[in-house]
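After the structure tokens below, expect a handful of questions from me.
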Amino acid sequence: MNILAFGEVMLRFTVADKMMLEQSDSLTVTTVGTGVNLLSSLAHFGYNTTILTTIPDNPVGEKTVSDLRKLGISDKRILRNGKSMGSFFVELGHGSRPERVTYQDRLSSSFSQMNYENYDFEKALIGIDVVHICGIALSLTKQTQLAAIKLAQEAHDRNKVVCFDFNYRISLNQENNHDSIKKRYQKMLPYVDILFGSKRDLTDLLDYQDDNETNLYEKLCNEYQINFFAGSRRSFIDSKKYFEGFIFHHGKLYRSQARELNILDRIGSGDAFASGILTGLFEKWDFEDTLEFAVANSVLAQSTMNDVPIFSKEDVFNYIDNSQQDLIR
Amino acid sequence: MNILAFGEVMLRFTVADKMMLEQSDSLTVTTVGTGVNLLSSLAHFGYNTTILTTIPDNPVGEKTVSDLRKLGISDKRILRNGKSMGSFFVELGHGSRPERVTYQDRLSSSFSQMNYENYDFEKALIGIDVVHICGIALSLTKQTQLAAIKLAQEAHDRNKVVCFDFNYRISLNQENNHDSIKKRYQKMLPYVDILFGSKRDLTDLLDYQDDNETNLYEKLCNEYQINFFAGSRRSFIDSKKYFEGFIFHHGKLYRSQARELNILDRIGSGDAFASGILTGLFEKWDFEDTLEFAVANSVLAQSTMNDVPIFSKEDVFNYIDNSQQDLIR
Amino acid sequence: MNILAFGEVMLRFTVADKMMLEQSDSLTVTTVGTGVNLLSSLAHFGYNTTILTTIPDNPVGEKTVSDLRKLGISDKRILRNGKSMGSFFVELGHGSRPERVTYQDRLSSSFSQMNYENYDFEKALIGIDVVHICGIALSLTKQTQLAAIKLAQEAHDRNKVVCFDFNYRISLNQENNHDSIKKRYQKMLPYVDILFGSKRDLTDLLDYQDDNETNLYEKLCNEYQINFFAGSRRSFIDSKKYFEGFIFHHGKLYRSQARELNILDRIGSGDAFASGILTGLFEKWDFEDTLEFAVANSVLAQSTMNDVPIFSKEDVFNYIDNSQQDLIR
Amino acid sequence: MNILAFGEVMLRFTVADKMMLEQSDSLTVTTVGTGVNLLSSLAHFGYNTTILTTIPDNPVGEKTVSDLRKLGISDKRILRNGKSMGSFFVELGHGSRPERVTYQDRLSSSFSQMNYENYDFEKALIGIDVVHICGIALSLTKQTQLAAIKLAQEAHDRNKVVCFDFNYRISLNQENNHDSIKKRYQKMLPYVDILFGSKRDLTDLLDYQDDNETNLYEKLCNEYQINFFAGSRRSFIDSKKYFEGFIFHHGKLYRSQARELNILDRIGSGDAFASGILTGLFEKWDFEDTLEFAVANSVLAQSTMNDVPIFSKEDVFNYIDNSQQDLIR
Amino acid sequence: MNILAFGEVMLRFTVADKMMLEQSDSLTVTTVGTGVNLLSSLAHFGYNTTILTTIPDNPVGEKTVSDLRKLGISDKRILRNGKSMGSFFVELGHGSRPERVTYQDRLSSSFSQMNYENYDFEKALIGIDVVHICGIALSLTKQTQLAAIKLAQEAHDRNKVVCFDFNYRISLNQENNHDSIKKRYQKMLPYVDILFGSKRDLTDLLDYQDDNETNLYEKLCNEYQINFFAGSRRSFIDSKKYFEGFIFHHGKLYRSQARELNILDRIGSGDAFASGILTGLFEKWDFEDTLEFAVANSVLAQSTMNDVPIFSKEDVFNYIDNSQQDLIR
Amino acid sequence: MNILAFGEVMLRFTVADKMMLEQSDSLTVTTVGTGVNLLSSLAHFGYNTTILTTIPDNPVGEKTVSDLRKLGISDKRILRNGKSMGSFFVELGHGSRPERVTYQDRLSSSFSQMNYENYDFEKALIGIDVVHICGIALSLTKQTQLAAIKLAQEAHDRNKVVCFDFNYRISLNQENNHDSIKKRYQKMLPYVDILFGSKRDLTDLLDYQDDNETNLYEKLCNEYQINFFAGSRRSFIDSKKYFEGFIFHHGKLYRSQARELNILDRIGSGDAFASGILTGLFEKWDFEDTLEFAVANSVLAQSTMNDVPIFSKEDVFNYIDNSQQDLIR
């Protein structure tokens, strides 16, 4: 199984020792991004992964390329251009104090500024089975938007499986109006086979109106011929946190059990869930097993520092089978 | 609102990585103290703050001055004298293992040794609305005791609001007898408008005898014309920890709700509570909101490394409004 | 009380900041081992302790010798030979993610390769009251097996108290067959006065068959004239973890209460329990107090980084008396 | 003496332990910039300093504001706007391996994007004696260029001393043509009293043609009524490095002696030199002493981590008087 | 150009902050080895590189595989077997205090224990132009010796260029007699095209006797049809250190100029030199340029932390052209 | 050879990464002191060492005790009393920037405050051959002064070899007048056999007047029956630093050659020299060898982090024999 992802590679600066930015000058830098997170997880599950992106042609860019290789992601489809990596700062949380993310402006990055015509999508798709596109591309620049939609279309035309992740964040879209963003998603969705998102994406972004979750998903999948729609959510009962997921397929909604969370670093939880779902679909596991696997992968990832999941299938299965285990020797 | 605090600036040495002193040679040094903690929190809430203290005239002293400025505290009223900063070591706790504080001897510090006549209280009070005095000054040396009482009196005479924090610790007073310490507090209290303390301070230090909390506080406030008496306490139910606070004002006792604690570093919890109460009083919030704010500020501070609270009002309100939130993006 | 322990000194490499091996190049190295852990704890309880072992004659070996002295263990009976220390890597866990230990091959270490005839057991036993032998020696090499049994026999012949810890790990014995290992333990047990182990050691290793725990222990103690048989176990109720222990003596089984665990690093929990039990036996405390002390020592150790317990008796008593305390000042 | 500087506040990310970016994920972040460096040094020399700049209104921006206060720089004239800080990465050098700086794109920063009309120059100049402007503002955006020139003009009109630093870097100007940049400098220079630069700035940027250094400087100072023109340079003899400076004033060129360099981190060497020169001019020292002081301050700064000089006058004098001293006790 | 190297992948544990082992518990772990170092350097010069080796099938092994990918080395020819990585400790030096390396026993590693028949040399050589073999394989175990010689032979038979590096270390051969080791090298040399070594290897290991260096090299190259013989050496003049190299080809000895060294970490200097030489030969540069490039690459590597060279051609050329430069901006 | 040293155990706080105090909150804490440094070095040379001192009875004190054991120093003669350790901060230097030491007030430490009558000198001297006393004790408090002189007298009476180190620092004696300090030294010297000091101690402290060094030393040794007088000094030629030493014995002055210094951390250089001299005297080496050994030990120590020398005899000999060596493998 060969997977290509299109998306931004970002620098994440995490303040050391659970300190806040005003308290410490020590940072750990990590190479992350929705595509990176997803591909790393899939690479650790044994699949061939390649990222299609643009980074600056300088030592910072080369550092991220070496990090991508380390994660098991091929660096053969990375373009060099411009001067900046997108970046964000993370202050880890503890107990009542939430984890906090502060983005630097993303619109000036090499990825955001790359002219979409510079990507050779045709070449990039050779030998590829599955393409993953992160929805953030629709909110960044005209160029990332054009690139994302063009890639989806080209992949669709070549009968590749197209995965798309809503990843719609209002904070990223303060200067775009609702309708303009909605239209971009509406352009994308006809090419999509596997879609990741939430109920809120359908009601708040696509303006679907229905209180019934199944009806909502049904409507979406019918309108755009979506094969699989999957998503995760978190809940909070008696000061405990839980994580669960669902898949909607051919009119039927499958739900996982909720698993208790003990968060070390929750960023990337959705990407870990998505890579678990894709694995189940690749392996043709039944939906229950798929959901259990995806939720377990995400819960493990949230118990681990950094966005990027690095668990093997064996790690995830071991966790499912021995969830009370506190020492592996 | 301009606040002046009188108190010792101390060096806190925290052992790295939740290790104990025998396990690690790596320390993080922080500039702390009751006055520092309170003023930092008030500065982050938007008030002008100034510390009145003495530090050594050497590179260690200058480091702490630069730290005070960083916290938003004015360094215009800091005297230089002597050679030593007071200091203590912190071994962070985890689960059943409690956090442990070891003080170096505090009586030889620049602050403890400073002749009280060197402080120009009149000048220090120019433009000041509120003065805060930490009760530890009453237990250190004759000089700190005289300085604290003189400042309270001068502030009172000039119609400044005088805040005082009992901060009575038996461990600091092993060489003083009960009656002598009690007398010092009795000299201070007539000047105090806003008082921070606990029931235990009234019964064990002032020798009040009454099982009824309201009666105790009533008696205190009547005897010394205290306008506000406030304090916090922690409780433990089913292996969970909680934190709550109270204000007593004009014969009436107001109590906050208890909030669950998930402690990373609990030192300074009282100072964070006190700065929250002062803010509510400054802003003339009602007592419920004031208590909720003060408890939230303290709970956040206890989820954060180091004594010194650095949350903005917006941070505290956000936490009150979204206490289940585990990621701010 | 003078205690001699025979066992391997190992290097433990712990990945920094709760990271996994693929995520970080920063390690903390610690000098550990069953004998080291036990003796460190006993030394911190006030007893004289000496380790009998072999380390390489190079800077790495000398580093561990200096670490042993730091822990309060005498370095007078350490032989130098060969080139390698046994070692293992630790990735700390968090919440659902278990702590993970990866051993480097232990059979080539200086300890494993040392010819047992080079140990001068007679000299090592001079002035010693109690000898502790770690069962892992029976699984390593012919030489460690011979040394362990010879030492037990020599100690027994000189009326020293012989303690032995099963420490049977299947993962260490993949190339040994069950019967061969069982025979080694059967050779050892006749010399043993105080034995540490679990029900599973009796059923899976010694092939005892009885569902009743008391019967099992009775059978063991009768067969080998074991004076005390003690062990610990962990349980899991409602997503909380607990730790408890037992002693079997003269036909009677004593059980501790279970104490809730909040794990930072659980390796070495059994050694902390064993040193607590030995202390109770040395001090002739009653079995309840002994068990409470041993469980508390282990729970504290599991809330602390690294294998090696470093708590004083006063620390453990303080924890027992104030188990809700979260700050010692 | 009250000094106001206008310039960008930047984040500097230094790779830990002299590693290169590909080798390490550990960074130290520092708040720097030409204005920051100069003002920090002047503040440590005892002058009042204020920065006029724009930072983002988020936790990263607030961190830098707290850092500026720590350095002794007033934060009263800082505007909040936009989302990004300018930033660069530093890989420290060693011996033959040069230190390496990689800039992220600077044009999207809050500072570069701030509309110049939002600055209240009139208010900012109240009580100010000296204004410093960093020439980089002329190369960034139209807005920074307009702001710099407007400030120079307003300051000049109010008889403030205007200092300007060429800081012309070809690498920052790849998209600007020579003539356009030259014109901007020509607009600025008429307002300038104290100018920092090098011979190369005159020949390569201003297109002056004369082999004789004195003639060149004479021409410049005459053309624009520059009162003082000063600069530094480095030389390399027999594998040793040296640093020296000059001042040109009223037709006469004064040169310092060369001082040997032993570089730990050379970024900011020019700013440390400039703050030393300004100090000599403020204090009306003769030119020899001024140059010696400025060179010493810069040599010390290059022996110190980070851009930002933090030496007191006493530190610099002590170094001048005891340049062979290797321990201060 | 596709290069395959056969050799051991090792863990290097470097004590932090130039401390010695007794002084610090903080280590940095790096994935190194002669083959790793050489291939990393060649990968950074733009060639395709693959390592043929064996690592343990556990998280430690997987960590090293991810590190190899990060360095740009293909992980497609790595076998999994056994439990241990070879490892060594490094205490960095400073001034008079030399850097110190302490090896753990290397003979029990997965690489040393791998049965040579498990390597599929035929498959590994597909598409490969150049094979590099590290001479240490001849000193480890019978298996590594057989594997090295078999690979050389197979590569030679298929007309691949065979490079071999003497890497003869007496300390590794204390249990082997001289004649036995010499015979192994004599078996290897007939297959070798490009040989790295020193005069001492010829006199002390191969027992050649001739005072004239050219004669010695001539004899060697004639006897074994060696195409290129190259090596480096260090010298010490007036407390300064220098590094230089030579190539012997078709009867003629070419020498580089000596370049001054300023060592941060000198391990791997020979591998950096060798990769430079190979690059010159691949690119058909003349010998002077090749030697200058190889010496520069090694000098840069010795100014850099860790064994593994990571400089691009551009970095090396830039250093050659600007060797006095101390800042790249 | 059994050596007892009397002196203060101090905490040294070193700022991380060659930063200055204002730049970093990361410290490394080390247990040091003249007695500690000397005994550690002698312990590493193979002698039995014991320290006679007082530390606080708290976790900080216990940490230092464990550190002393780690260094190979017996903890059997350590008293517990009071609450404070003496301490100082170190900012490492680089090139022109000198290393800087800032002492906290030392007079309130457990050691300085200990009543001299609490030391059981008689018991402490049992089995001891050589006693070392650090002259700083004469400058601290009446109690340390009395203890030092009493110990010297008792040791002298029992025919122990008494070593004494002037260690006279004006900065420590700002409140003592010259005559009072001089008298204390005059009381001590009659008991001394081996004396460490400098020419300046004789002229500035003891008020000897003679330009000729030999005459000065002759006078001193005659007046007080000193057997050996030894000392070191540093010089500076052409921007290089050198270190050398001397011994005066029976009217003859022996001088070492000067050795070039490359300083990483020069504190403790005198203690490393003294331990080298003592070793030569213990071993009855001739004076040239003794001086070469002492100078080499000190030069190595100055190339090493921290005060405390930890080199073995073999390390020092190896350095003497191979002083150009930059790698030990």
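Letters A, B, C, D, E and F name the chains as they come in the text, with residue numbers starting at 1 for each one.
By our rule, a residue touches a chain if its C-beta (ideal position, glycine included) is under 8 Å from a C-beta of that chain, and two chains touch if they have at least 3 such contacts.
Given the structure is predicted, the values throughout are model-derived calculations rather than measurements.
Colleague: If I compare contact pairs by residue number, which of C-E, B-F or B-C overlaps with D-E on over half of them?
Modeller: B-C
Colleague: More contacting C-beta pairs: C-F or C-E?
Modeller: More C-beta contacts join the chains of C-E.
Colleague: Between chain A and chain D, what distance separates the C-alpha centroids? Give it in angstrom.
Modeller: Distance between chain centres: 43 Å.
Colleague: Roughly how far is chain C from chain D, centre to centre by C-alpha average, rounded to an integer in Å?
Modeller: Chain centres of chain C and chain D, defined by C-alpha means, are spaced 62 Å apart.
Colleague: What is the distance in Å between the mean C-alpha positions of chain B and chain D?
Modeller: Their C-alpha centroids are separated by 41 Å.
Colleague: So which bits of chain F are touching at least two other chains?
Modeller: In chain F, residues 17, 20, 22, 25-26, 28, 66, 70, 100, 263 touch at least two other chains, as defined above.
Colleague: Can you tell me which positions in chain D touch chain B when the two form their complex?
Modeller: Against chain B, the touching part of chain D is residues 66-67, 69-72.
Colleague: Any idea which chain E residues touch chain F in the complex?
Modeller: Contacts found on chain E: 17-20, 22-23, 93-101, 103, 169, 171, 234, 236, 239, 241, 263, 266-267.
Colleague: Show me the residue ranges of chain F that touch chain B in the complex, using the header's touch definition.
Modeller: It is residues 13, 20-22, 25-30, 58-60, 62-63, 66, 82-85, 87, 89, 91, 100, 102-105, 107-109 of chain F that touch chain B.
Colleague: Enumerate the contact residues on chain A facing chain C in the complex.
Modeller: 16-17, 28, 70, 240, 259-264, 299-300, 303-306, 310, 319, 322-329
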